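So that you can tell them apart, the chains are marked A, B, C and D in the order they are listed, and the count of residues begins at 1 in each.
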Amino acid sequence: MTPRFKLFNDPVHGFVSVPKGLVLSLVETPEFQRLRRIRQLGLGFLVFPSAVHTRFEHGLGAMALMQDVLNTLQGKGTVMTTDEVEGALAAALLHDVGHGPFSHTLESNLIPRGASGRPFHHEAMSRAILARLDRLFGGALGVAAEIFDGTYVRPFFHGLLASQLDMDRLDYLRRDSFYTGVAEGVVGVERILKTMRVHGTGPNARVVIEAKGGYAVENALLSRRLMYWQVYLHKTVLAADRVLRGAFERARERWGSGDPALEATAPSLAPFIAGAFTADDFDDPENAPGAALDAFCELDDTDLLASMKRWRQSEDPVLADLSRRFLDRDLFRTTFLPTSPSEDQREAWLDAAADWLVAEGLADRASARDDARYYVGVHASRHDAYRTERDSICILERDGTVRELSVASDTGAVDAIATPVVKPYVVAPKALDLRSVLG
Amino acid sequence: MTPRFKLFNDPVHGFVSVPKGLVLSLVETPEFQRLRRIRQLGLGFLVFPSAVHTRFEHGLGAMALMQDVLNTLQGKGTVMTTDEVEGALAAALLHDVGHGPFSHTLESNLIPRGASGRPFHHEAMSRAILARLDRLFGGALGVAAEIFDGTYVRPFFHGLLASQLDMDRLDYLRRDSFYTGVAEGVVGVERILKTMRVHGTGPNARVVIEAKGGYAVENALLSRRLMYWQVYLHKTVLAADRVLRGAFERARERWGSGDPALEATAPSLAPFIAGAFTADDFDDPENAPGAALDAFCELDDTDLLASMKRWRQSEDPVLADLSRRFLDRDLFRTTFLPTSPSEDQREAWLDAAADWLVAEGLADRASARDDARYYVGVHASRHDAYRTERDSICILERDGTVRELSVASDTGAVDAIATPVVKPYVVAPKALDLRSVLG
Amino acid sequence: MTPRFKLFNDPVHGFVSVPKGLVLSLVETPEFQRLRRIRQLGLGFLVFPSAVHTRFEHGLGAMALMQDVLNTLQGKGTVMTTDEVEGALAAALLHDVGHGPFSHTLESNLIPRGASGRPFHHEAMSRAILARLDRLFGGALGVAAEIFDGTYVRPFFHGLLASQLDMDRLDYLRRDSFYTGVAEGVVGVERILKTMRVHGTGPNARVVIEAKGGYAVENALLSRRLMYWQVYLHKTVLAADRVLRGAFERARERWGSGDPALEATAPSLAPFIAGAFTADDFDDPENAPGAALDAFCELDDTDLLASMKRWRQSEDPVLADLSRRFLDRDLFRTTFLPTSPSEDQREAWLDAAADWLVAEGLADRASARDDARYYVGVHASRHDAYRTERDSICILERDGTVRELSVASDTGAVDAIATPVVKPYVVAPKALDLRSVLG
Amino acid sequence: MTPRFKLFNDPVHGFVSVPKGLVLSLVETPEFQRLRRIRQLGLGFLVFPSAVHTRFEHGLGAMALMQDVLNTLQGKGTVMTTDEVEGALAAALLHDVGHGPFSHTLESNLIPRGASGRPFHHEAMSRAILARLDRLFGGALGVAAEIFDGTYVRPFFHGLLASQLDMDRLDYLRRDSFYTGVAEGVVGVERILKTMRVHGTGPNARVVIEAKGGYAVENALLSRRLMYWQVYLHKTVLAADRVLRGAFERARERWGSGDPALEATAPSLAPFIAGAFTADDFDDPENAPGAALDAFCELDDTDLLASMKRWRQSEDPVLADLSRRFLDRDLFRTTFLPTSPSEDQREAWLDAAADWLVAEGLADRASARDDARYYVGVHASRHDAYRTERDSICILERDGTVRELSVASDTGAVDAIATPVVKPYVVAPKALDLRSVLG
């Protein structure tokens, strides 16, 4: 008898056992293999050199955790059908299959808003690819799609996939902590999974955490918050982000100008620079245009990197400079601000940047004020560590009652982090001294 | 040339390098070797079977972290003399040398309050042993003693030894997390040490944390809180604690009764059962009675365990029962209470316990109400995760200002945990159903 | 529905899930709880301070690996009954329940040879305790006993318990590597388990390793060899061993002399000093004398340690000196020898030791030559890294053939380590310079 | 005072401290930043998904180990100048700066042999880039270059950089084990470094291993052997290698054919397809042509991946098929052979492959026999685990003598692995059943 699993080595979870049949077939599709070329942490590797891990490992990892939690729940008496198990595993595997180059970094640029004004979100792409694979596999992904959409008759499956304590988050926190070397981001994944159980019946059944898992869950929320500020929203990551998006926007602006460097843009990337698709194309992911999917599935990190290597020889000094900065890691500086800067302040900074661009020979006087937009970015980073009001985490107390986490906790720590934190910041070249510029 | 260090294997920090000379000589004293027989986590091993690590490893570990942080501080320009370095290492090594059997468990029992009414604290014993070793080494521990006492002219050395973020805490959090397998207790020790620096000059110089270390410090406080509730104050640890202390108290009560089991008490333990020394003997640790030190340095975990093996054959059914329960891990149950129980409630529980003791044949009717004290314990566990008011942690902001941690933090999480948490609980045999007893 | 498992934290394997019912009941017996007081590595903690882990964790760990491998084998089509699974888990849990103080250290001393001349082995004690527990649990351990004895009708279960690649070895290698911090002892336990399968049918069915696991198995053998020479047979461990066994032997020699220190020997230890039981009592472990079992189950590391604390005040200077040396870690020195020393050499060393004892005031001239036996020990350490001839490891090649490991391997490395290595050595006080003594 | 180091997070070694000044400046050069885009394990990530780590981390890691070992050696009395320390760190950092796309995979293809017939080796490129950086930094890399070349007056520095136990190997073994999750590849790096010392004086001074490190060194050699067969020369890695090199060779063959897919080759890659440089250009790395260096420093993994995405739409079915296979991981199968196949056997396989290509529509009859070369590859993998004769590892015995490792070892295990192992194999599409083809 042949083993029923193919084993993948994973330094985070040990061996990952992929069930032969549908799930392994999904791993072997070009759509999923593409994720090997998408860095999980976007530009995080520019600060944490080891964090070059990809969405491929994360997809396998989320599936592995789904296996573990389903085993735990079944062990506590929750009966599941083979279709449900397979559907949940497939959904976990594919939940991020729609990510583009550098994951979140270019999400809002690659596919701009259409006439409707609604933004694109990678989940719509994941959903559209899932629909395509469902057609390819003769409808085998029906349950997976319903679990993904949250329409499946037993909603707790969706909760395991997409909630404040889902297999996605538990895998990425553990994995990103591992690869960055940020030890304090470690989450007690195994403990949390072991203390999950299904509470209630029928459509009201939901996943709750047994009381003894409460501290581990609190810790996971606090670790996630730490990972956001220490890693995902690290100052230098924000700066790199700005440089990459600046280059992308500049390339789009200059598209069609006949610049040979732009013409050497990787063909897979070209339609996205040109803005060939809009978010409106994904309003109905089940029926997204085939051409959009084809193009997207051709695209990965390498197209951006290969193109920027061309662009650094661009006739346009701004595009050349931004591309060189990105490739050689000569990034901007991020300065956090106590409050959002005034319009006057922004204008003063742009003026200063324009002067600096002229002095550096990166722009002529006529265009400098306009080009300055690429060199001074004012943004705000924001993180919700926990939301109490919606989709909250529930604790099953020893007396059988169920309470929302912040109520069950013995301190205000959960409450304290339930307030979103917003930090305004400005990004600009290090050589440009913004502190001396009056608003 | 002979290497200047002796290496000790340590799975937590890798190799620990003990400098030859004074520090290695201290490791080799019987006083320090005794720590090999004192479990670091007291009774924690009854819940976390692997947590049998000892104060010996912790002493070495605290010294190793002291080495690391002194290197970091010197690398940032803080000049130190050889005597200061050696003194700080010696003080870190010896800071817990005065712990008795099972560390904190019996601290208040072994050496009762004297006429003054002041309680004994293990730090007084550490200090007394340090003084004895200082005499033995011809005064070589003078700086170590001043650092220990907080009287050394550069107070930041004391801060590294005894504060809310000292080498003691950083080692025990990391170590206890490692041995218990409670992954979420992991603390970013290396990051915290690397972001420490000395700020200010002369006697005002103190250790601060650079801003980039702020999240790691917050995480350490939150992990410590988690370790308290999940490990140190675990329900079953509290229950085991009650059983052990009950046996000790009962043995003291019955001391001199002629019970052969009691006469077989380990000779090292006997004077402490007899109450030969009181806390008043340590009012001046430099001059604590030699007999008290001699006796204490003979005592370790093995005396308790060996004695309880005798006591379980005691003529006294209570002592026999408590000893058996401890050795075979047939422990009491801990129930947390919403509020501290009323006097009436306590009396009702004691009445119920008395009836149960009679029914079980553990007491006769005459003594049962009195013996019930050993079977129903009402206590409260308490944890201060952080104190803002005194000895607070300071953050060096990027603009050069120094702010207290809870002020520097971007959320109320630090504030939230700065309120001490107190949880009343009652401990009693599992067979005794306290919930049905009206108060 | 209540979960079917009780979880134990284990930093080595993560959570260990103990099935409720028979297996959990076995964990809760005093016989198994006693293992919490038996150090797994004997005196290894005197070299590797962190290696204070116990037979309790090892028993749980071996059971956990047995669970894993049974799952793997079932997943590859080997059908098992509930009784077989439970029996195999129970046998793995209890396989070392018969270990005495400091595991192997005193094995040959505690229970001397009887009239038959056959030596005692801890496995006979494990077997006797298993029989006792079987009676206690009404015959529920029948299959476990047969698996333990190797008489069960499907012999591969015994192979998983006791062979050159069994769950015992895999757990202790992984665990001892973890606790000593000897990273290079790490074994790919998970990989080896995942590549095991049952080959053949009926009574010929045996466990083999699939070809892809071959390197991991070779590595395990080589790691085991490294652990023997680097840890188990470390020079200082051999020296500590000699000191402890010397103290035990001396105490036995002086037993009945009226020495108050000896009279204060821990009562649990006394019958073993007195030689109350012999190996012949365990010729038929099923029917070992109840008194022997009762006495043995009272005994653990603490009795030795507590007794030696008394003995160091003995009237006998040799017993006092050996005990002090052990407790304060003032151990002998081990010197490896190119060949086994001649009788003349040994005599010359003993003469030198006798002179030294007199000079040190540890013996008078009359007894010195006789006492010298405790101060000069000539022994040989021996390790078989792998045996090709008996109970060999088999590899299932990709073409379906089965070959013995050393044949399947592509180099002579396995062959090379299949020759037992024997290293003669002499142990003596550091102050006694043996090198200058002519033979 | 500003800290003297910039810290980099590294999950393998913890924090890596890069000294400010020359070494940090080298890290910041485009030449070194390029290594962020070169996978350390070449195509290993196609078998071990997590093994996407890069030469950038490895360069930092080798430098970090060099720091550690220099500290150890200085601690044992070996005096070094500041220039020597800086030179050794710089040389360790840059030792692999000349690696091309996917590290070793394309080494022999990118830069073909010139008229002289000598092959290219990446070390020549590292050396040429080092010379370029030396010019850029005004001669600051003189000592580094001599250490690299082995001409420095104290040869032991070269030994730390390039020998059978150098910082390069110790870092890559530890790192590759970490990222692949192959736990049994773990090497006791810290132990080995701590037992190194300089033995002898003047130009005869060399690095030896103290006797107590002997087992750790043996283990490192055995782990390296395991990593070769289990990871570096894994069957599927060999197959992927063949597919990638086939695509490269085919592209070179078809270069200039006007195929639009080929014309879309990444411009950085184009000159290497065209064979613009030969190994002869690097006979004198100090004076390698600037154009060759410029071109090489533009090249990384992304160019190959981006180009293959184009090539899979090639007019040439062979190039298109090989490119698709690589990107979608539809790889060939590797079959190890007992002996090197005969010429007749090879011909028979090529005939079979030709038939299969025609049947699949990948070639027409006229070209099929020629195209078959891309589908049937006969090779041999070879690994020298240890060489006793040249550049051997020396052990400093406790008696002060120095012996070569295989002599010092107590078994034949080192000898056994000192014989190179050669394994012939054939690589071909899975659909092509070679076993049925008679030779």
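Note that a residue touches a chain if its C-beta (ideal position, glycine included) is under 8 Å from a C-beta of that chain, and two chains touch if they have at least 3 such contacts.
Being a predicted model, the structure only gives us computed values, none of them experimental.
Peer 1: Would you mind checking which chain's C-alpha centre is most distant from the centre of chain C?
Peer 2: Of all the other chains, the one whose centre lies farthest from chain C is A.
Peer 1: Please identify which of A-B, B-C or A-D repeats the interface of C-D; the criterion is that more than half of the contact pairs agree.
Peer 2: That interface is repeated by A-B.
Peer 1: Could you give the separation in Å between the centres of chain B and chain C, each centre being the mean of its C-alpha atoms?
Peer 2: 33
Peer 1: Return the distance between the CA-based centres of chain A and chain B, expressed in whole Å.
Peer 2: Distance between chain centres, rounded to whole Å: 44 Å.
Peer 1: Taking each chain's centre as the mean position of its Cα atoms, how many Å separate chain B from chain D?
Peer 2: About 51 Å, centre to centre.
Peer 1: By residue number and range, which residues of chain D touch two or more other chains?
Peer 2: Where chain D meets two or more other chains at a single residue, that happens at 14-15, 182, 190-191.
Peer 1: Please name which positions on chain D make contact with chain C in the complex.
Peer 2: 182-184, 186-188, 190-191, 215-216, 218-220, 222-223, 225-226, 229-230, 385, 410-413, 415-417, 419, 421, 423
Peer 1: What does chain B use to touch chain D in their complex?
Peer 2: Residues in contact with chain D: 1, 3-5, 7, 14-15, 75-77, 190-191, 194.
Peer 1: Give every residue of chain D touching chain A within the complex, in rising order.
Peer 2: 8-12, 14-15, 28, 30, 33, 36-37, 45-50, 52-54, 56-57, 60, 178-182, 264, 266-268, 298, 300-303, 305-306, 309-310, 327-329
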